[in-house]
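Structure below; questions to follow.
Per-chain numbering from 1; labels A, B, C and D assigned in written order.
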Amino acid sequence: MFGNIHEECGVFGIFDPAKKINVTHATYSGLYALQHRGQQSCGIAVNNNGMIYSHNDEGLLNEVFNEMVLNYLKGNIAIGHVRYASSENKGRENNLPYVSKYTKGQIAVSYNGSLVDANKLRASLEDSGAMFHTSSDAEIFAYMISRERLKTVSTEQAVLNIMDRVSGAYSLVIMTPNKLIAVRDPKGFRPLCMGSLGESVIFASESCAIDAIGGKFIRDIQPGEVVAVTKDGVESFIEKCGQKTSSCIFEHIYFARPDSVIDGQSVHFARQEAGRCLARRDNNKDIADIVIGVPDSGLDAALGYARESGIPYSVGLNKNRYIGRTFIQTQQGERENLVRLKLNPMPAVLKGKRVVIVDDSIVRGTTCAHLIELVRHAGATEVHLRISSPPFLNPCYFGTDIDSRDKLIACRLTLEEIRQEIGADSLAYLAVEDLKEITKDTSLEFCDACFTGNYPVHVPGEN
Amino acid sequence: MFGNIHEECGVFGIFDPAKKINVTHATYSGLYALQHRGQQSCGIAVNNNGMIYSHNDEGLLNEVFNEMVLNYLKGNIAIGHVRYASSENKGRENNLPYVSKYTKGQIAVSYNGSLVDANKLRASLEDSGAMFHTSSDAEIFAYMISRERLKTVSTEQAVLNIMDRVSGAYSLVIMTPNKLIAVRDPKGFRPLCMGSLGESVIFASESCAIDAIGGKFIRDIQPGEVVAVTKDGVESFIEKCGQKTSSCIFEHIYFARPDSVIDGQSVHFARQEAGRCLARRDNNKDIADIVIGVPDSGLDAALGYARESGIPYSVGLNKNRYIGRTFIQTQQGERENLVRLKLNPMPAVLKGKRVVIVDDSIVRGTTCAHLIELVRHAGATEVHLRISSPPFLNPCYFGTDIDSRDKLIACRLTLEEIRQEIGADSLAYLAVEDLKEITKDTSLEFCDACFTGNYPVHVPGEN
Amino acid sequence: MFGNIHEECGVFGIFDPAKKINVTHATYSGLYALQHRGQQSCGIAVNNNGMIYSHNDEGLLNEVFNEMVLNYLKGNIAIGHVRYASSENKGRENNLPYVSKYTKGQIAVSYNGSLVDANKLRASLEDSGAMFHTSSDAEIFAYMISRERLKTVSTEQAVLNIMDRVSGAYSLVIMTPNKLIAVRDPKGFRPLCMGSLGESVIFASESCAIDAIGGKFIRDIQPGEVVAVTKDGVESFIEKCGQKTSSCIFEHIYFARPDSVIDGQSVHFARQEAGRCLARRDNNKDIADIVIGVPDSGLDAALGYARESGIPYSVGLNKNRYIGRTFIQTQQGERENLVRLKLNPMPAVLKGKRVVIVDDSIVRGTTCAHLIELVRHAGATEVHLRISSPPFLNPCYFGTDIDSRDKLIACRLTLEEIRQEIGADSLAYLAVEDLKEITKDTSLEFCDACFTGNYPVHVPGEN
Amino acid sequence: MFGNIHEECGVFGIFDPAKKINVTHATYSGLYALQHRGQQSCGIAVNNNGMIYSHNDEGLLNEVFNEMVLNYLKGNIAIGHVRYASSENKGRENNLPYVSKYTKGQIAVSYNGSLVDANKLRASLEDSGAMFHTSSDAEIFAYMISRERLKTVSTEQAVLNIMDRVSGAYSLVIMTPNKLIAVRDPKGFRPLCMGSLGESVIFASESCAIDAIGGKFIRDIQPGEVVAVTKDGVESFIEKCGQKTSSCIFEHIYFARPDSVIDGQSVHFARQEAGRCLARRDNNKDIADIVIGVPDSGLDAALGYARESGIPYSVGLNKNRYIGRTFIQTQQGERENLVRLKLNPMPAVLKGKRVVIVDDSIVRGTTCAHLIELVRHAGATEVHLRISSPPFLNPCYFGTDIDSRDKLIACRLTLEEIRQEIGADSLAYLAVEDLKEITKDTSLEFCDACFTGNYPVHVPGEN
């Protein structure tokens, strides 16, 4: 429902060779569409005739940027970043885009992902004289690319050369004094797509960011692909493509915005289909009188469930749009109060009704239990909880922040125990087998390690 | 859709005779549930053993209050207020609750409404020595009540005595050194209800605020009723009740939160019924392939339209939850951009589809036209716009802020002209006759002057 | 030394009939010169063609005002205020200028002083229907003047009529829709002077505010005088003049800026003369090797002492200009540390020297003791403390905030006991008889009640 | 007078082996005493058992730090920094202390100075794989030291090894996981001293910072000296000492706090002696009736002039302590107004007098001209300006920010022309030959290149 799993980043980049667009404003607006991917810090770096200027800080876009700052950042290439800060990388120095300077000039890096061999790479770079200012993997990339660049003909070639030496998830947008380069790891863990706006080329984590600025979606960056944009045009390098992919299934289930289309798959339809799958497994049109979703992330699946089952789709929970990070909780037992403030059940809809509630996930289970209690208190006679994802059982090493196993309710309890703990009349999760069903519009294969433990690359300590 | 009509206030009050509850936090949380009724300033006044302390400022609750301020405000009676500031009363001195002092001690007033004879009342009070510090009607009430109080036995009696001398809309929550008093004008223009939390008595503009703090809804305050709460109990005075009511229909159509129940009528169901009415008048199951609502205010009516027509309810517009007051717009043509940033149409859903879009109102028409253009651009082949309210034709003098006639598109153009201007394939409004249909769960009669021009009380210049 | 006695206000007003000057900026700059008279809140009210707009808040001028606010305040008459908030009137509603409205239009009041009969006046006004929003005496004046105004021909006449009915200290600058009026109480407790800038007329608490904006000092307002400025000119009313005056001696000793001239007396010279008087009473050129002052308030008197005694004037304490209200003190014993951070003794100057230190006052004695310890630690062999005022023995009821008797060291201890407690080798205060000596350039008589207990008007509980 | 020459940094460090002191608070307080050396940004880095945490931002100490931040920074070694940002290094990434990580762990650097061969060093480091994140020389030191460290036994030895390879001014305080190291360049351009507080060792740019926290001054760090502090004690390395020094004379004339003692010379006495030198060259006791200084920086020299000449020292200008960076200037001709707001001449003192005014420098001459005009307007009959430094004729490459030659009035005009332009009756500067006179308590030799052009090290483009 709200808040225990976090995407760690959203990236954006734009190159306007014709110098007709305010690329800073375009990046600012594009990042607004990606704000759900990271709410703890954000930044923009802009290339003004080869000089890169940047601004970043902790906070949402509306807290970090103001007109003065936006007007100060001028140029015709820009990259941006929104970030979720995990406990290990809270420091402000880790805000992105990462900007540094080497013999060939400045380089700026926006990054979404997580390297499984970061510590080893870091140590090896330090051994040869590198100093690190951040704990961000973006700095590892900056060092590896810049050092490789000294031995080869171009930054894009340097990127291609180092791709065999790093392992894990990475979608990068890189800016040099005269280029904008997009990189997606060969496994395709994290999304990355390309669009256009007039003569400009755009890269973004999700297609919704291209839509948001009135751009035209062109295509997804392929897993393993490197795309370089210069004033002379766009060049694609596919020599690292062709591996078996392991795209993150959780983007579709939870992270991405429903209006995004990732690798050909509409996120909205994936979620709606998850609801249909749940209904098909229930196969019982009389289980309930109404189907409601937990706003906002459970609504699509609830609609799918309702359509498949024929049970009427209803609105039974009202979400307060104003409760934000700064709401002051000061009394004991406030977790329950906060659920009630955020999600008010509507007795007029629920009273005397048997209800199917669809939510996207159960992490620790406490919020869920509070919600079911509130729904019953509003008059529901039965509460059947349907979860549009399989149970979380394993940590993610590829750029999301799933709780440790000891906090995941599904690691501690059986399905029946969970049902009892949260107080539902029945409980069902999406079947792991149905994951393929919900993403049938894409040809990529998925990483479902958080559900299955099948990690697609070697992870120290896991496989 | 967003933003040209404004409710002017939300009120809240709580009296905890047992001193078990933190009434300041309860008021803070209750106001959060009423934030949609006023986003420009807010305030809380708390009674600590007869002394009233207050804090208010411009901004949302999370901007105005912090822990230090909340902890400073201690006591066992509290009232609160959220405010929309119209052009005439922007000054900070107009923030409520209004607090002042006279012979009988301090008095604090939270107020939602608008007096049609405010200028005359003000002049008359000044003639007898009053000085005004604000342009808020709350100060008029404070003066009238305090002067009347000197001639009578209690504040509640003073209130009853002055009710014949004022005309217009007023829902008041008044705090004295030892009482909490709720007042609703005899016409019942604005909502006001009563609840409980343990031994505490609560008053609030909408029932959602009682729900939000875990309280129990008791009943609506009747039009004309005065309710006084002391440590000894609750007393109701109904001698001013019994007039023909003119409750605001627009609370149901637009202002109130869908999870509120006002005078027995669920707002959610009223909106859903408006959608059903629109579908009934269309009486054409083949007009479109899907029905979508404009989030968030059009969703309930869209669901009603879908259910009545049998055309599938779909999600076709994604609302960005992060775009707030501080989004920086700096380029020409940004109004269109802003619509796109806030509401992204989903081609995956819309492409090749004939679409019914349901929205709650058209004010000036420009936002609407941009939206239809975006929906067509996303691939919709036909766009049929249905508005879940009748056309606005007249200003409101009872506490809302409808644009002046020269800016209202429905005052300038015929239905067909509006359809052309906004670019819809067809356009229909809710019929004025259907207003009764959508509020059939309440026995009150409504004011629909904004649609019909039938003002229920004398308004200088209008009737 | 720093901080236990507070002036409660500074006032400023300007009328520019020719509309050539930005009166808001002039008031802003004038208040900057008066900031020492009140650092807790400030405000400006401006008259724009009869409508009065105002802004005030807690904080220093640079915290309360910004360009946007200053540009918003337009007009050709303005009044301003800086305020020290005592414990009883901390609330933001007490910030001045006080602005309200009555039958004759708006009235704004800036006020410096304290009425001894405020409670009685308040009660009497409430009995006849007044409501109070503040605990400031300015509101009492606004009510009394506005009510009197309804019975007489002009605001200035109303002011004159009420002057017999109030008792205490008051220097007022009043703004009406078309006038600027200055009022000084008949005893002349607080200073008030008049100046010009081009065709504009200026009123200010101290002459330094006139200098600060490049104006020309004209004269002091006489005790009891009322001066009214309209677009047609300046009119003086002296019918309340002629009483025996009791101007505040402490303005010269402590409050006022040294570059101000009050009632003909240069504050700088008064302080220098206090030093001379101290030296004359010592009559011992060999008491010390150097004379140093405690910056900034003790420097003038130290210079006077040095000149009279012939002992060299030296700089032995360096004041850190950056330590302000927001310095974070978190450890025990920090009072001492704070003295050291603010005032660093210079061993190069002090080592092996017998030192006369001149300070303006001793209130509680603790800061003083720390300072002497630091000076000895820096190498001074003897420390002779000279105080350029007599000992504080009595509270002030006329607009300053001297500590209560139980906290004043001079109420608790004899001269010799104080000397021991603070650790000085010798200690002398200015003799009460010398007060006349230091203000010989003025013909006014002074109130010295804080030293002598001779209150010039009846004070309940004191005489 | 105010503001055209800037020191670029102040440094501070403390190592508390006994873990008895709050080193963060000590650093915070110490930096307060150094705030005059840099007002644009500040920072503190603290070593908590080998892990370094830091906080820095733009603003004064009271703006950058709050209790929460100070409490978060825990440990027993700390270094701090205050910074003036020149045009080339404004970016926030340049705030110090600079913190980074290499094979041997983290390293933090506080730095005051300027390297004349920074670009060459930077290029050379980049050639061997370094990436730069800042334009601060501190990063050059971090790279050079860390690389050298890999080839040698200790950080202090690494520092010693690189000292021959860098040229220019540098006073460094370096923190490693277990050491605190102070470094002063062999020329001794910038000051650096050592003190103690209990068992703690302190390093600071000026002795006033040691005084401020109640510490004991031990000695100056010698030019060329490296001092390393570990939990086992203090070790000094003097192998780079012994060069001819070129300590900055301008520290004594202008930058340093008067209560500091630098290399044995009291800054206060240096300035007083400069005044004596000026008086000796005038050799005319009848040149004026009074001597006044421009507060605060001209007061010491004025006192010296008065003592030497026998002309009475007086206070003729009052400085407003509240005018800060945020004063809003909006009208034409405001430079003059600002001078008047900041420095109010006192007619009571100046009227009819012939005045010697002593100031510390003339940079562009405009402020000076305004001041003289104000003093004449206050009644002075003659104004003789004496400057306690020689004329600026050359830029500084060693850590101060003197205006470019085209803006320096002394580069454009002769002495007589300057006198006419600023409107003085006579004008004299300190003679270059007298510089030795004013610093006779120190045995170091000085850099006076800003006056003479004799640069003590090779500066590209200058010698």
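Just so it is clear, a residue touches a chain if its C-beta (ideal position, glycine included) is under 8 Å from a C-beta of that chain, and two chains touch if they have at least 3 such contacts.
Since we're looking at a predicted model, the values are computed, not measured.
> Taking a step as a move to a touching chain, how many steps at least join subunit B to subunit D?
2
> If I average the CA coordinates per chain, which chain comes out farthest from subunit A?
C
> Please work out which of B-C and C-D is bridged by more C-beta pairs in contact, and write that pair.
Result: the pair with more contacts is C-D.
> In angstrom, rounded to a whole number, how far apart do the mean CA points of subunit A and subunit C lie?
It comes to 61 Å between the two C-alpha centres.
> At what distance in angstrom does the C-alpha mean of subunit D lie from that of subunit C?
36
> Compute the distance, rounded to whole Å, between the mean C-alpha positions of subunit B and subunit C.
For subunit B versus subunit C, the centre distance works out to 49 Å.
> Which parts of subunit D, given as residue numbers and ranges, touch two or more other chains?
None at all.
> Based on which chains touch which, is the overall arrangement a line, ring, star, complete graph, or other?
ring
> Okay, in this complex, where on subunit D does subunit A touch?
Contacts found on subunit D: 93, 99-103, 107, 123, 126-133, 142-143, 146-147, 150.
> Show which residues of subunit B lie in contact with subunit A when the two form their complex.
Against subunit A, the touching part of subunit B is residues 22, 25, 28-29, 32-33, 35-36, 60-62, 65-67, 70-71, 208, 211-214, 257-259, 261, 266, 268-269, 296, 299-300, 303, 307, 312-315, 318, 320-324, 326-328, 330-331, 337, 340-341, 344-349.
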